[in-house]
Amino acid sequence: MDSASIWATVQSIRGKAPVVHSITNYVVMNNTANALLAIGASPVMAHAEEEMEEMVGIASALVINIGTLSEGWVRSMFLATEAARKKGIPIVFDPVGVGATSYRTGVARELIEAVPPEIIRGNASEIMALLNAGGKTRGVDSSAASEDAVTTGRQLHAQSGSVVCISGATDYIIGAAGVIMNKTGHPMMTRVTGLGCTASALCGAFAAVSADPFAAAAEAMAVMGIAGQIAAARSQGPGTLQVHFIDALYNLAFEQVTI
Amino acid sequence: MDSASIWATVQSIRGKAPVVHSITNYVVMNNTANALLAIGASPVMAHAEEEMEEMVGIASALVINIGTLSEGWVRSMFLATEAARKKGIPIVFDPVGVGATSYRTGVARELIEAVPPEIIRGNASEIMALLNAGGKTRGVDSSAASEDAVTTGRQLHAQSGSVVCISGATDYIIGAAGVIMNKTGHPMMTRVTGLGCTASALCGAFAAVSADPFAAAAEAMAVMGIAGQIAAARSQGPGTLQVHFIDALYNLAFEQVTI
Amino acid sequence: MDSASIWATVQSIRGKAPVVHSITNYVVMNNTANALLAIGASPVMAHAEEEMEEMVGIASALVINIGTLSEGWVRSMFLATEAARKKGIPIVFDPVGVGATSYRTGVARELIEAVPPEIIRGNASEIMALLNAGGKTRGVDSSAASEDAVTTGRQLHAQSGSVVCISGATDYIIGAAGVIMNKTGHPMMTRVTGLGCTASALCGAFAAVSADPFAAAAEAMAVMGIAGQIAAARSQGPGTLQVHFIDALYNLAFEQVTI
């Protein structure tokens, strides 16, 4: 990952406007849709079982996020991942709050087992809970630092074949080719709800135009953090940060892409 | 439509604060509620079948938006449109993503046939897909220019009796009295999720206080675009645009209403 | 309630970051989650029956808001309140739109009767409708001033044992110890959707770290209004107000806490 490769992927997203289909949580839908539009992708959100296969059929990537899961939505998640695999488009999986309840943990593991996603992105607690590695999830916020989950992340990668992206002060992106560390970002980002979910959505946009999910995930996390830094510098708090973050994605220029 | 008539309707909304009941999609609920409040209306959002008839009973307009449809919600949409027709309040229908899946297209056509709405507002792809006129919907964004859909829009109007509003760089509002073109607006508005849905919501507020859905739709689209222009002039990207758009609706003054 | 006690509770929230579990409405989820994060709490939102008991098990307060209720969600609300009572954590109940439909009113009364919440927060119309005291709810906005509901609020407190918080230009917080009036706030706050819901969420955060729900509710309403005043002074309308409101909560300093 370097500035040139990141920028090439951003340009590709802007040029192709890939459709990214998300089954995600109610809390963040608006923000992740706006982030996808701002980076140049075309977001679609739909969850009815009746239209899942067709909707995936027009998409270039699928993002599954279990933040506010329930029975019907979980059925659609299974339908969507199967359709995505059949079509050959990348899947990003965000195990929001895994470890907080056994239902949530169970659903997440079943989804990964049924159709291993190209990319799994979560915080340290979530990644550890996915493998029952003793991480304690405190709701949806991590109670562990990202470096604590790297060993587990390697195991999860070995087991699922998925690129595993552990976000935190340092992001760790773990794939067959090794581990990439990303240090872009700003602490205030943790005070805006759903920026983790937005990171997963961006992983979807980057993977949609990329042959390599490992590079795509690392580039997406870099851009996420860069936009956060730009936004934080213009903001007085998490309210203005969220707004400026979208502007920063939209206005991103090559000279801003430093990692 | 002229500045005076637009302004008279805005003043009427501000004076009467009509209750606009929406069954809309999860992605945009917050934004459309805020837009309705900012223009002076009183938004209500509810979808339980058990309360649909009573909730429509306190409303002055009904907005139906199928962006994130599912079985139970569709049942409530049918109940709501029937209740609205019985009560004699205007219905605005927004066929989000029609053409993307056969389920979505089927539901939209059945809703229109069961209770033809006063106003149908969509982008060119959606309007063409509603009549099977060869428009290809690429998710929820249009892949056609609004002028391409005018002929189809006339047919849809002839068939349904509904005012048909095709939004785009130029908006076309098609009714028994002819076609009104509206050119207010700003290209950056297409990079904010759900501003089309917000346009439909405003059509509801304008129709709620107006005897003429054709004029109401045209006036709503004009105000939509004017607020977008004002906001774009103050914004650095789609994040700030969305925020300033709400402020612009709230502060709208007569001298700003130029079309 | 004085500045020192308010500030002590804010400090306690910031220090403990209590998990506040909300079953709330789709329209406001993002905003209330951001408000909770901004004040220093850790929001969780989940509604699946399968995980309700466990999710409440990690929370320090529960907020129930019926703004967009439906059958399955109501079942989870009952499960959640029972789990909260068993665990001994405070419950805040927000009867959004009660009085608008008999379904909504019925559900609200059943919820309160099954497990009386520590705090009930609503506008005047909602509080009056809860006791069938002749308040007419006009959708979700109040058609009565808060002072009109004080007598009803006292009765509701006597009947349920709950602290009753009637929000309006003046907020009335009614408990066993008497009535506290709070006059912080700004009229423009009524033009932002869901700030009432946000007030209920903050009541949850304050109650989570406090032994006294009466004081917690009063302090939360004071902080709500103070943040609104700070935000209004920097805003041009309700769009910017919403953003600055979050910043104001995040940056709240002792010298700003004047009531």
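A few notes on this one:
We just call them A, B and C in the order they show up, numbering each chain from 1.
Just so we're on the same page, a residue touches a chain if its C-beta (ideal position, glycine included) is under 8 Å from a C-beta of that chain, and two chains touch if they have at least 3 such contacts.
Source: prediction; values computed, not measured.
Interface of chain A with chain C: the two copies contact each other largely through different residue positions, with under half of all numbers used appearing on both sides.
Fitting chain B to chain C on C-alpha positions gives a rotation angle of 120 degrees, to the nearest 5. Chain A and chain C have CA centres that are 32 Å apart.
Residues of chain C found to touch two or more other chains are 26, 30, 242-243.
If you check the complex, the residues on chain C that touch chain A are 17, 19, 21, 26, 29-30, 33-34, 37-38, 42-48, 50-51, 54-55, 58-59, 72, 242-251. The touching residues of chain A, when paired with chain C in their complex, are 25-28, 30-31, 67-71, 97, 100-104, 138-141, 191-194, 235-240, 242-243.
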